[in-house]
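These are the structures in question, set out in turn.
Two complexes come next, and they have one chain in common, subunit A, joined by subunit B in the first and subunit C in the second.
== the complex of A and B ==
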């Protein structure tokens, strides 16, 4: 049985809607629950899920609640959904929302005239225009939303450059401004390093790795991954680099991302070479090699942080790199103790940059890696739900997030996939990331550990589980507590994503 | 340098949050001045309403 209810002219953000849907789906007797705005795309998804939409009249301004399951519980599910919308059960005590929320941007500015940045996380089709409005009113922008068209991104960034304002994003999940964590970000000390990042979880990993070495970060300016593509031309990377090089408080500058378009890379290299402070370039798996004139070239995230930390502490960079080599040696020993394992590697990731880095490392040690976001087009998975040989999947990609919460918030899809992978007798190692901090699942290790234990019930000790935690002890989820939950479930937990990817590969390589 | 950018980098963020309210709550926990905006998508007329308007014009 199914029931549909339309709430006219009612708007909630997508994360709230998906969280409520998840709560309702977990009710006894409910098969499926969906809360979405009445856009054409959403109506198509509902129809595909088997809901009968004949005779309903909705606009994109109306909220549609759809539930299916046992008849007796459907009314209760609908009223629970409305109750949760009005009063979300996950809101922390003391975290009550303000009673007055201005409806217009001008209203918001009159409440906080000193505002200097707008954080935008509305649906991508509207986000670009909202960003333009904010820029016109002289506000810097952090654009969390994805699905902003490339042409719109270029328009926004050109306007921002003209006005001398920052636009972080689109698709910028993480930023740090004077140590403040914005979006999905970690609690780390403030200090002499600043980061420009065209890579969201890459920024989180470097931020956390610096903190692990006792070095703080002042700013972490996200630019959105597309910024370094030829079409955008690195507008924001260049602008942020420029501003941070001029900033007396910044002692060491770090620039990270996937390898940029060659002309963008050249521009960044030239600019930081002219600067008067040491800079570390961390383009993951990049072609550039060799340090030069105060510019240090790295190809992995932990390496980038280790070099930047050494520079900040006035220590020898060569020594910092040597330490990473000896850490690699201990990983080999650890692999010898827990391996060798036979079969394929399966990587299940929530962080896009971490997934990319894992592929770069595993490819070197194991050969071709299949993925939904492969390093080479011909290794693209036909179906993201079905692994092939060595596979590393990014669960943060569109095919997993349309109508679902991001895997850093909802870990259930990955926990379920552990069991599916365990049923494949060819699998020897499962590798995954656990990203914590503000904006992420409040206790991801618990649900992931349950998945690991279920998978072990299927596969026994045939499969080794390897993970890393991107986070600190100061984060709300507490990295040490997350680690012990995973270790109790028999997971080998490494100090960084790069180390986890190496250990997973060594376990199979022998 | 643009004053608002300079203020952002020197004095820290003061935020207008447009969208997911959790981000505003996380910022307030860090004692960041934050205003949550009650943003709504631009109004789109329902098919019925636009048909009625057309009829009225005739």
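== the complex of A and C ==
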């Protein structure tokens, strides 16, 4: 049985919605509970979870509470959900009064007049104007919000350039300033490398891979994924590159992201070539090949980190690449040991750049990959909740995060999808990422492993699960602990996203 | 000793050592002063706490007559309208001037007994006589200084007072301060 209730024009932050849903799900007799804004994607997710939405009248500004389970407890669950929303039980914990948190930019500046950077996390349609306001007050900006219109992004960045200020973003999930991580980021050493990146998991993966090789990072400037498009012209990539080349503390410069527009790539290459420090360009799946004077061209994230680490340590770059080749050989052997699987690859990702990299690698080995963020337009999924042949889905895309927590925080959607994919007899391998660090789910492997075990109960040994963990042992979730939870559930855990994508492909390719 | 020992809920009173000698004093008197100028933007922000959906009070009532209509407005032992008024009166008493005294006189003249709860009436009467509770005094002291943590802690403690009381009080207080400080600006050379 199920009950649905629509609360018109009601908004609560996604963290509150997730916590209340978890409280309600844990009630005896409740099978499933969901609290989400009535966006089109959320309604499709509810329908996919078996809720009957016929006849409901809902807009994206309305809150939808959905519960299923034993009939006798459904009304109580609905009223409990509303009670928790009005008066969250976790807010009473401790009973100690909290400091006042300013609600306006003016208020925040009066409290912290020496601040020189503002992190903006408001609805995308307002974020651009808030960013302009910050720039006019002389503040650099980390624009965490997404859904900022492209024209607004161009306006903001042009103003920032005029004022000599940075705009990191939009959709900038991660930044590192003088070794201090902001947003979703990992605990890694501070050191001689600095990174210019789109914004999120690409930066995290290189940051982590450098740390694994004992090399620290000083700055990580997220520019927003659209910065390298011709319309924006790489304003922030150019500014960040310039600034980091001038910084005496930076010994090795790394620029990573999806391949930029040709004119932007040319600009970056020209500027880097004029610099007096080694630089590594890691444009995932990019066309450029061949190292040139002090500029090293890479096409994967781990390779980028390995080359940068070798440069920072004064080691031979060719040797670092050779080590990656031999790691690839080991992956083939590992795939052989676990036995080839038949059927399709299904990738379920939380990180955008990781998803992109997985598609690039899997495409080379398996052929066309369908996705909600495909490499080629004609491979776009009609419905992101329905996989077709080889499919890799980015659950961090806007369609999944409007009125719902990012999958790096709320992993339940992906854990549930494991079971759905397992029901498809054509599936042979499920590939996924686990991103940890500040701001992420406190124990993602636990919930994902539960999903894996449920899927295994459906599919037996037919499906191999392959994952990588983007994080370090120093992170609050502890990468080693996350790994052992996944391995206990029978997941093959690789050292990097590139390796996981390769292993998944080899398992299917034989 | 100037303060009573800290007592938590559930403590057995007889086990708490009370001072044998000395004066234990809480002085509720609002001493005239004004906030440090750096806090003005923060104070302006508090005015709009009145617009929180749970309060739905006017952010800036245009006259004392309008302010009187807030008496008894809202649920509870201290209705939100009364809390707003208490904060407003405390602000005018703190940043005292001929103008603020005139406004308070006007308010007293319009005010009628029995419109709201006894508790609210007492709090407002005390404020009109220049007395208030510990939390507002702590905030007033913090606002005269330059320490961010003290201001945020004092404002935090106040804003969490009761379900809506603290927020309504802060909104009224900030509104009163705006009137008082603008007047001081007008008359300063």
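Methods note: the second predicted complex is superposed on the first by the 410 of 510 C-alpha atoms of A that agree within 3 Å, B and C clash if a C-alpha of one lies under 4 Å from a C-alpha of the other, contacts with A are read in each partner's own complex, and residues count from 1 in each chain.
Heads up, the rule we're going with is that a residue touches a chain if its C-beta (ideal position, glycine included) is under 8 Å from a C-beta of that chain, and two chains touch if they have at least 3 such contacts.
Treat the numbers as computed from the prediction; the structure is a model and nothing was measured.
Look at A:169: by the touch rule set out above, it reaches neither subunit B nor subunit C. When both complexes are overlaid on chain A, the residue A:439 reaches subunit B alone and has no touch with subunit C. Look at A:451: by the touch rule set out above, it reaches neither subunit B nor subunit C.
In the superposed pair of complexes, A:112 makes contact with subunit B and with subunit C alike. Contacts of A:128 after superposition: neither subunit B nor subunit C is touched.
One of subunit B and subunit C touches more residues of subunit A, and that partner is B. With the contact threshold set out at the top, residues 97-98, 101-104, 107, 109, 111-112 of subunit A are in contact with subunit B in one structure and with subunit C in the other. If you check the complex, the residues on subunit C that touch subunit A are 38-42, 44-45, 48, 148-149, 151-153, 155-160. By the touch criterion given at the top, residues 97-104, 106-107, 109-113 of subunit A touch subunit C in their complex.
Residue ranges on subunit A touching subunit B, taken from their complex, read 11, 13-16, 37, 57-62, 91-92, 95, 97-98, 101-105, 107-109, 111-112, 114-123, 126, 130, 134, 138-140, 144-145, 163-166, 177-183, 219, 243, 246-247, 438-439. Residues 1-2, 4-5, 7-30, 32-48 of subunit B are the ones touching subunit A in the complex.
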